[in-house]
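Each of the next two complexes has chain A plus one other chain: chain B in the first, chain C in the second.
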Partner chain A sequence: MRTLDLIRFSFNTLLRHRLRTFLVAFSVAIGVTSVCLLTALGEGARRYVVTEFSSLGSHLLIVMSGRTETTGGMPPIYGTTPRDLTVEDSSRLHRVAGIKNIAPVIAGTSLIENSSSSISRSREVIVLGSTPAIFPIRGLTLGQGRQLPAMANTKATPLAVLGSKLKHELFGSQAAVGQWIRVDGRKFRVEGVLAERGQSLGLDLRDMVIIPVQSASQLFNTQALFRILIELDQYASEDKIKLDIIKLISEHHQGHNDITILSQDSILSSLNEVLSLLTVSVGMISAISLLVAGVLIMNISLITVSQHREEIGLLKALGASSNTIMALFVSQALWVAAMGAMFGVFLAYFILYVAGLLFPDFPIQAPIWAAPAAVSVAMSCGLIFSWWPSKQAALLAPVIALRG
Partner chain B sequence: MSFKDAIWWIFKAVVAQRTRSALSILGIAIGIFSVVILNSLGEGVRQFVLKEFTQFGTRIIAITPGKTETFGLGSLLATKRPLSLADAQDLKRLAFVEAVIPVTFGSGQVKSGRLSRYTNIAGVAAGMDKAWAMTLASGSFLPDDNWKNPRPYVVLGHKIKHELFAQGKAEGEWLHVGGRRFRIIGVTAPKGQFLGLDLDDIIFIPAQLGLQLFNRNSLMEVDIFYREGTSSKAISQQVHRRLMARHGNEDFTIMTQDDMLAVLDRILLILKYAAGGLGVISLLVGCVGIITILFITVRERTQEIGLLRALGMSHQTLWWLFVSESALLSLLGGSCGILAGGFVVVVVGFWVPLEWQWFEIGIALSIAVIIGVLAGLWPATQAAKLNPVLALRQNP
Partner chain C sequence: MITLTQICKTYAMGGETIKALDHVDLNIHKGDYISVMGTSGSGKSTLLNVIGLLDRPDSGQYFLQQKNVASLDDDTQAQIRRETIGFVFQTFHLIPRLTAFENIELPLILDKIPATERRSKVIKALKQMGLERYQSHRPNEMSGGQMQRVAIARAIVNEPNILLCDEPTGNLDSHSSADVIAVLEALNQQGITLLVVTHDAKLGKRATRSLWMDDGQILKDETQSGALISAHP
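So, the complex of A and B:
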């Protein structure tokens, strides 16, 4: 039997049982669609996190004070130590080769008041003390006005840049640049307002105020930096720079290495790993439904074989080999699986397209491997589960089969 | 047709096509099996996490400096209006308060003899052992000193003691922390991790000395443990009133354990039902399987149906027969799935947190039967609609 004939023959058999073919293909389609859709959800979450991170600028190191020697646990995020990281420490880091930007950060909470308008509005927000370098490092852009002055790490000046939401809360639709605000009673002049931007990793940058790091040091009466953010040159070696930083800092910390350096890439890659794992496991769980579809394929193949005993007998009597018979039935199952899989993929991508239109902010998209993987699992199910019934058909003795 | 006959007829129908029925049952069984396993896993994880959180007891209120708007970062950030030791001390006087633990966290180098190690340092106070359900391997906890002027005693975490003293005795030795000497008075029993913080890789010193060590004026957190007989709401109102009186405005956040648990529990429940929901997809496919097989059965038994109808069986009875057959198939499938799931839960449950859930299992079984009935509707209607004359005449 020629391959073409074989394919046509099995296709015609399927057409004769339209309803059953449709139902089996439908069950395969459910499985394939659910695999594609659920992995798309996981992949969407992963992409969301990745874009959030990369919007902070790539190649970022985060230096915090404090260190624990037991690895594998959480880094000491609270950053309180007997020997603090200081603004001087961060200024020294300029000597390390391969560093593009350094932003020391003092973070605190404070009550912000609009002191210039007749209506007094106040709000408790996060105050970031930093230098102009924080703008390129965290990918912040100004909507109005100017940045912090370049001398922010040596001189305390009463200037502030407001987040867009904070500006709105304090000034409404009035102009804010040039106006005065009070940060815990101290007067600061609004130099600029950040451009509208969404949340960044849970930290609402729209509801913050950025002031020079020395002003924050005075305001909170502390030398201790919360973090030092460092942006590396594009081709710099991260590991070498980490060592250089540790060496330089410990020289000025009486020879003690008491800092922790996190690299954004390593945080991102571990998050990426977790989310990818989640995506794969969700995909595998939904692939169980393909297994159930496989059982159905087996059932239907068995029924088809038993219904076509006489035909099988005739074919064998006319000289068809066992292999041909086997190929006939297996190819039928493969046909159904393929149709179902194609339909499932089509349906999934249609739903994803509609979802993309409805929620443009969430980057929901099936991972590249999802559709091929789902289709090949579906096809393998078709092959494996039709194998035994087809074998039964191939083993039928022509005489007995003909007799019915 | 008597009820007994009907049962017999359905039974015969299922048994006559043994392989076919077995495969339909298998399909449903796989679906129910995955629902059961995923649901048990979700519940297991939920209980595990809740247990982690309630290990310190449930009558806890945590106060952090700064307002809620700071995403719980409040305790890490600098502030102009600190939560001081005096605040914590004042809260001790409230009714129903059993213990107040001022908390400050940090990390630093600790030295004993020639050995040194970087570790977590917690500034706390007496009563911490009861409050956090810590037990000692040896020695005693921090004594109930005056908070303003405590004696420089330190309690070591299990791992730190091991690193610095190996098998030797630690009590009575000196420990240098940030240029200051502390007398070791106790070693905690192994406790494990909590939220990523290794409770064995830590030392406990009096809160006041911790604040001095880190050069801070504000506590990171104040934990209040209250007695039975009052509600978390009443006690947090009391705390709120007292702190408002002291600070003049609301520059602190009060979180009760109940609030935290409620939020956590909601997330975990959603996760659990989402996991169970994933299993339902397989169940749906199993349902399509039953529909398909019943259609084939109806087609094959057309003559038989025609005969029954000719002999006077009503539409309804015939309809019921097919629907019941379908329901029986999925009931059997559901039972097999639950049995297999139960087996796995019992065996694997030794290593993985799996929780058997009678209520959800019951729901799974009812879903299986409902799906069976639904799957039977369409083929059964087809069968009942058959014209007896045409049906009888048809060749199989």
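So, the complex of A and C:
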């Protein structure tokens, strides 16, 4: 039998049992849809994280105090405290070639009050002490006013930049720039307000205040930096700069390498890898539903063979080979799997389209491999699970099959 | 054309062994018109099934066109059926979802004949059976006689040498039966070897040669003129 005739004949047989065909195809569609949707969620999470990290700035190094290392002998009873990173350490790093911007960061939470309004409003938020360099490094843009002046690099000037939500909470619709706020009782003048922006990796950039690093040092009574953020020149060698930073800091830490340097790109790469793996895993778990659909295909194939024994006998009497009989039944299963898979892909993309309209901030999108993989698994299930029933049909003796 | 030598076939039925064919010897020549008659369970249909390669004998030799075919594998036997043998069954065995045209087309599809050639062959067969008007009809839209003529058209569309008919008029009224018999005899006159299994003595006597079977044996093998070819006690 020619392939085209085989396809036509099989399709004709399926049309005879429309409801049964639809139900089996629908079960395949559910499997394919679930694979596409779940991998889309995983891929959406991956894209979201990647986008968020990218928004922190590219070519970024994060220097932290302390270092995880393996040592010999008994573990120390009291442990060792790493030397803190200081603003001076941060200033020294300007000597390293290939660095574009450096922002030392002191972080803490404080009660912020609007001290210039007749209605006193207060709110406990995150306070970041840094330098003007934090704005280009974190990609922060201003909605109103100015960023911290250059003198904030070295002096504890009482100036602050507010997140947009914090501004709204403290000042409502009134202008905030030039007004005074109190941070843990200390007065700061509002220099600027950040432009509206969403959350970034759980840190609500709209609900925080940025003050000069020296001011934060006095406010929190600490010289210890939380982080040093470093933006590299576009063509700088990340590995070389890391070594230079370690060397420079070590020289001022009694020769100890007691810092950890994280690379934005390496974190991003690791997260990307983990989330991609998660997406594949979720896809594979959801593919179990396709196996269930495969069992249904096998069941229906067995029923079809049983119901069409007479027809099998006739075809054999007319000269159909065992392979032809087998191909007829396998192709029916493949038809059902293909129709179900196509419907499933269509349904999944429709749901994703609607989800995209409902949640525009979340980049939900099925990975490029999801639909082909789901369709391939569905077709494979159709092939594998129809094989045995089709083999049974092919092995029927014509004279017995003709009796029905 | 066909030579059966010491063909035996047994079936197990309810713990009992039934001899469906018991050392059957038979020669069939090209163009023969043979009827096979006998009571139910005498082995008529089994003989037809063995000759048509639908069933395998337990022992004995079967030569079809000088070729020992009994021991061939399933697919080779299927190929011989496709090319050499046509079947007409009592219950027509038409596929209900297919039209008359499509039912007749089936053997050609199985033989991988191209669509245009298939069409001309099917139309020729339809014309031969006087069924041109019914080519788009499904079996449930036709009478018994028409369905049997579709089945005959399907059996001859591949231009087989042998036509095996199992009770071809068993489900038909007398008018349709006469019609079908006339069609079959016309085909025999065109050179097709015709073997008809029947209960109908009238139909049986129309054949140029009649076999009488009982208990799996051919009791009598005689020509229309009354000449006895062979007889078993």
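Just a few scattered comments:
Operating definition for what follows: the second predicted complex is superposed on the first by the 389 of 404 C-alpha atoms of A that agree within 3 Å, B and C clash if a C-alpha of one lies under 4 Å from a C-alpha of the other, contacts with A are read in each partner's own complex, and residues count from 1 in each chain.
Basically, contacts are C-beta pairs under 8 Å (C-beta built on N, C-alpha and C of every residue); 3 or more make two chains touch, one makes a residue touch a chain.
As the structure is a prediction and not an experimental result, all values here were calculated from the model.
When the two structures are aligned on the shared chain, A:E310 is found in touch with chain C, with no touch to chain B. Contacts of A:S263 after superposition: neither chain B nor chain C is touched. With both structures placed on the common chain, the touch criterion links A:N323 to chain C but leaves chain B unconnected.
In the superposed model, A:L302 makes contact with chain B only, not with chain C. When the two complexes are overlaid on their common chain A, residue A:T86 makes contact with neither chain B nor chain C. Chain A is touched at more residues by one of its partners, and among chain B and chain C that partner is B. Of the two partner chains, neither chain B nor chain C is touched by A:Q332. By the touch criterion defined above, A:R2 lies against chain C but remains apart from chain B after alignment on the C-alpha atoms of chain A.
By the touch criterion stated above, A:S10 is placed in contact with neither chain B nor chain C. Residues of chain A that touch chain B in their complex: 19-20, 23-24, 26-27, 30-31, 34, 38, 66-70, 73-74, 76-84, 106-111, 124-126, 184, 202-204, 207, 216, 219-220, 222, 224, 226, 256, 258, 282, 285-286, 288-293, 295-296, 298-300, 302-303. Residues 1-2, 5, 9, 12-13, 15-16, 310-311, 313-324, 397-399, 402 of chain A are the ones that touch chain C when the two sit in their complex. On the chain B side of its complex with chain A, the touching residues are 19-20, 23-24, 26-27, 30-31, 34, 38, 65-67, 69-71, 73-80, 104-109, 117-120, 159, 177-179, 193, 195-198, 201, 213-216, 220, 251, 275, 278-279, 281-282, 284-286, 288-289, 291-293, 295-296. Those residues of chain C that touch chain A in the complex are listed here as 49, 52, 54-55, 74-75, 78-79, 81-83, 87, 89, 93, 95, 97-98, 106-107, 109-112, 154, 158.
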